[in-house]
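Same chain, two partners: chain A is paired with chain B first, then with chain C.
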Partner chain A sequence: MSATIIAQAEQAKSTSAVVKRRRTTSPGLLFALPHLILFAVFLLAPTIFGFYISLHHWHVLAKTHPYVGMANYSAALTDDIFWLAVRNTFYFVILAVPAGNLVSLLLALGLNSLRRGQTVYKVMYYMPVIISIAVVAVLWRWLYNTEIGLLNVYLKGCVTGLRHIGLPLPPFQPVPWLSDPKFAMPSIALMSIWWGAGGNMILYLAGLGNIPDDYMEAAQIDGANAWQRFWAITWPLLRPTTLFCLVFSVLGSFQIFGQSYVLYAPGSGPARSALTMALYMYQQGFSEYEIGYGAAVGYLMFALVLVFTILQFRLFSQRDDIQPKARRAA
Partner chain B sequence: MIATGCGDDRTSGHSVDPSGKIVLDFWNGFTGPDGKTMEAIVTQFEHDNPDIKVRMQIIPWGTYYDKLTLSLAYGGAPDVFIVHAARLPEFASFGKLHPVGDLLQSTSPPLTQGDFAPRPWNATFYKGVQYALPLDTHPGGLYYNTKLFKEAGIVDANGNAKPPTNLAEFIADSQKLTKDTDGDGRPDQWGFVYTNFRSNWITFATQFGADIVSADGKRCVIDSPESIQASQLMHDLIYKYKIAPRPDGIDSWLAFRQGKVAMAMEGIYMLDSLQEQTGLQFAGAPVPQFGPVPSTWAGSHLLAQPDGISPERSRAAWRLMRYISDHSLAWGAGGQVPARNAIRQSPEFHALTVQSQFAKELPYVHYEPLIPKDNSIFQFVDPAIEAVLLNLQSPQVAMSDAKRRVDQLLERP
Partner chain C sequence: MKRFLRERQPFHHILMAIVAFLFMAPLLWMLSTAFKRPDDIINSMGTITWWPHPFTLENFKIDLTKAEEFPIWRWTGNSVFVSLAVTFLVVTVDALAAYAYSRLKWRGRDQVFAVLVATMLVPGQVLLIPSYLLIRELHWFDTYQALIVPAGAGAFGVFLLRQFFMTIPVELEEAARLDGCGPWGIFWHVILPLSKPALAALAIFTFMGAWNAFEGPLIFTDSMSMRTLPIGITIFQGRYSTEYGPMMGAAVLAAVPVLLAFLAFQKHIIKGISLTGMAGR
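This part shows the complex of A and B:
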């Protein structure tokens, strides 16, 4: 008798648990719904539709859009301008990511060692991040101006000054920051580092804050100098943050668009030296109105970024776990 | 009348306002003083035509065609809009324009070929069908700084600045006008400057008989010996004769406005920007003849209607188009050469000194290729011209590269 009662009670408990679980899932779904709808409408559907478009010869004004299979893809893969854009994009990633992360790390280390005024500097270095790239590019176009740009004016002052004190330097030649194909991408990278360094700086600062002070104290008592402390403690413990910053800078840098768009747009720079993948996709789609071809370029870019993401996440899982704290700081 | 960049209150197909007036949408890209001129003409039109209300939207040229193209593709197109001569074949080839030939003939008095300058008139046709009413021509002409000319002693018998008319004069004058005034070994006053690579190149090249595409529009001929010769000459003006600055790192048009450059070849629509520069003494002249034939780049504004417009709205839109054309003297005063012969021949137009000088070029103006892919070919042509002028590639290499790419483009369906 009592056994049945217990059994019944347990059964009741378990059914009520099922009911309860059901109750908890449906509000959860409701809460997620706004995001899911937005995600579906603005991300998932366009992504799928974009792939559909990429299989068609699709001019904006045309009344019919004939199916062409993989023709847009093969056209892109045999298009030397597409490959030039790929090369330029890789060049930008190589220029901007390591140097940019180094700058962010140095800024963070500097700020971390400050006793006072950290917030002021943090805000100052972070400020460029919140400026729109359009504004940044317009500003830097003036800094880079060959004739009257601030950079060349300063350089001229430096060179002339050094010549005055007897250094055997050649007379100053204005640097064609933006108009020489050799300089275009490095100039863009420099500008981008200035623009974005503050973002990773915040992440590195958070990473540094996570390193317990005891380690440093212990090392100091053991007689380690600042250099040793950095290599033995800070750098290894900062590795998750470093990896996180690197991965996200690489992903962001592959999608570089605004810099070239605002500084150069149409042909994109001297000898197309500033033409990037994202810009080429945009131009084919929205300047030439060849949406199908532009979509194909977009998907090729997606594939490339995907490969790099997978590679990098492999790197993550092998080397270290990403710390949840660093993730949250992002 | 609404003249805002982005009228979000406009509902497409909202054809009649509460008082029963027909409401017409009119789009153009006249963001400068020309927009004010057009606005005045439109206001006058509304006054004379109380049954019509015009909503004019001025969209900067930089984004104008994006917006126009999308509206023609997906709906919401205006009832009347400006289209450049070089862009008409693209829209016409996709069947996005409303034929206007009947409207021209049925109007009273009818407008015929004889009322217009031939080149803008011909540019309104695509495959024999007329799709637009020609409003104006804006040829490139020579602007020159009369003060600098006088300082350099380049004057005629009356002591007035004398613009060059051929290549020899042009180079000789430019050499006199190129000066290193502060003695740093680099000139800071120049004889000439390239302000618009594309239109400047078209002027030089067509004077040598070169063009971008063949007469039938089927293949690219930009690597012809004539084209190479003209491109080489443009290159030499910078690097051999050293009478023009390397066209980077300087705002070349600003340099002309500020009197650091004595000559520039620009569209007549730049006139306003010069007139507002205080202290600048300048005049206009036809472009010098650099090559064997006289020619200069030009564009034309045409007035068009969208495909699928209702007959009633089309007629109302036509009244606006006709009115603007009839009143294009005011348009000319704003810095354009009207397409209507009667207006160009009027004494009032002759009183406009620069405009009437540039109008002399009308018989030999040269448009960008009037083919559906005009807009697309310049993604290859512009960088080639730039590569030559920046000394990045030889004319031969740059132009054969452009030819290969443009040919590929023209072969694509």
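This part shows the complex of A and C:
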């Protein structure tokens, strides 16, 4: 492959200027080809093939895979467990995305107003992002242990302390972080926020860095306090960053898989409270071997993600077309 | 005093340090547990001891000496090899392609690129089932190819590098052409040297992504000797689910190499995030 390219380049070098120009236009496809082949085989083809599978009754062990049309889709749409997985996934997105972005933004604001020592904190806040979800979930299973986990022990300390100084709190009950269906998704969301907040923090920090200091100084001279400066300058100018972060957080959160898989194993939690769409697809495909049905669940997930992405981009472009221009004019 | 408060910001630093402790606490607790005796962990009942006393390497011994049950060295080796191979493949293939989409003109270029961009919206998990069948069909199941080659298909790196390549002034390219460079020469002598930050960012993030990859290795491999570290950790958990000492020992073994690499490269990583808009995952 590369030998041909080099040969071509050598050849191009030795030919006249006119021919050279023609040569420079020809090898474009050649440069793109290695990626294009991988892309076609391992991305484009599976995307289309997945849809084809979803139209068939496809059991891994069966010899034939009869065409069933949209039957897998209608089966999914009338499947209570599928809807439970959809609800759980939405619940996770609602719990994790706004709170996670708020944490990232607050961290970035805190760092941005620091005169020195930014890097040390930045590194510490970012550290969890580096770690694989398997390690994160195994670690948090230990933190969430009802009897001797770090969280409950410290919470107990806090509650007992507050009762000592006379606050009318009920005696501490250990929080069943992982064993109670009510707590499953909130626990997963808390863990995920810790895991991911540092990533968006860096993006917010970059966004804050792009806001010209003059604006802040001008507002300060006009007597605006920190709160007013935030709402009048920082927040509107940060909007492109905010929406970028939100879109990608939502995209990522809809695909939540590893958290539930490692914390709860494939069964997926008390009363299936941690079952997500991606996990249900995995269960159907790789535990039940109903690959056709699993593929249909995957495609429904794809459709949902697509709708939400388009929706967000709509919001995105509308607001952003106006914002920066208005600012520049002012 | 007022100047001290304004310039040194002591309260601000105290607040940031408390938050930093909250972020670091789970990791420190992982480290602390890994060096404790199993009995001390179980009998801790309601007290938190941050400094292990007595200090022991027992957990690591358990983790590392059961090579037949848990080939953790092999898993580490697999993770290192696969991540390096994926990084090399992605950076090479994506740089070549990005050059073709940004600097060369050819028939159908823009249409092909539009398809690439459109597929970036396909969630990776939709591909799991069809890719699994494809890998089976290729007889790649439970091999290194299965873990490495499909990773080169993504369009994100192409998109990213293309954006970067387009900012390189055309004049440089023309000067190189006058000096007798063909498209390959321009790519090699002009575009690549000027794109080091973008290439480095892509390499670092691809490596981190491959190192932490979970779904792919879970589905494309099934023998103990082909697993990578993240999957190995879940195998550990299946066996030691309530024995937190060996569990945290294994978690430390899996996490410490990447954390050290992060500390060494943190400047580039953090710069890379702002440069690329990749939040690191």
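In this text, the second predicted complex is superposed on the first by the 292 of 330 C-alpha atoms of A that agree within 3 Å, B and C clash if a C-alpha of one lies under 4 Å from a C-alpha of the other, contacts with A are read in each partner's own complex, and residues count from 1 in each chain.
As a working rule, a residue touches a chain if its C-beta (ideal position, glycine included) is under 8 Å from a C-beta of that chain, and two chains touch if they have at least 3 such contacts.
Remember, it's a predicted structure, so these values are computed and weren't measured experimentally.
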Greater residue coverage of chain A in the superposed arrangement, chain B or chain C: C
Contacts of A:S179 with chain B and chain C, given as first, second, both or neither: first
Partner chain(s) touched by A:W83 [first = chain B, second = chain C, both, neither]: neither
Chain B versus chain C as contact partner of A:F286, first or second or both or neither: both
Touching partner for A:L61 - first (chain B), second (chain C), both, neither: first
First, second, both or neither for A:A271, with chain B first and chain C second: first
Which of chain B and chain C A:V305 touches, first, second, both or neither: second
Overlap of chain C and chain B interfaces on chain A (superposed complexes): 145, 147, 286
Touch list for chain B against partner chain A, complex: 66, 69-70, 72-73, 90-91, 94-96, 246, 248-250, 375-376, 378-379, 382-383, 386-387, 390, 392-393, 405, 413
Residues of chain A defined as touching chain C within the complex: 5-6, 8-13, 20, 23-32, 34-36, 38-39, 41-47, 49-50, 53, 107, 110-111, 113-115, 117, 119-135, 138-143, 145, 147-148, 150, 153-154, 156, 194, 196, 198-200, 202-203, 205-206, 209, 244-245, 248, 251-252, 254-255, 257-258, 261-262, 265, 278, 281-282, 285-286, 291, 294-295, 298-299, 301-302, 305-306, 309
Interfacial residue positions of chain A with respect to chain B in the complex: 57, 59-63, 81, 145-147, 149, 174, 176, 178-179, 181, 266-267, 270-272, 283, 286-289
Residues of chain C touching chain A in the complex: 7-9, 12-13, 15-17, 19-20, 23-27, 29-30, 33, 41-42, 44-48, 92-94, 96-97, 99-101, 104-106, 108-109, 112, 115-116, 119, 121-134, 149-150, 152-155, 158, 177, 180-185, 187, 208, 211-212, 214-215, 218-219, 229-231, 233-234, 236-238, 244, 247-248, 250-251, 254-255, 258-259, 262-263, 266, 269-270, 273-274, 277, 279-281
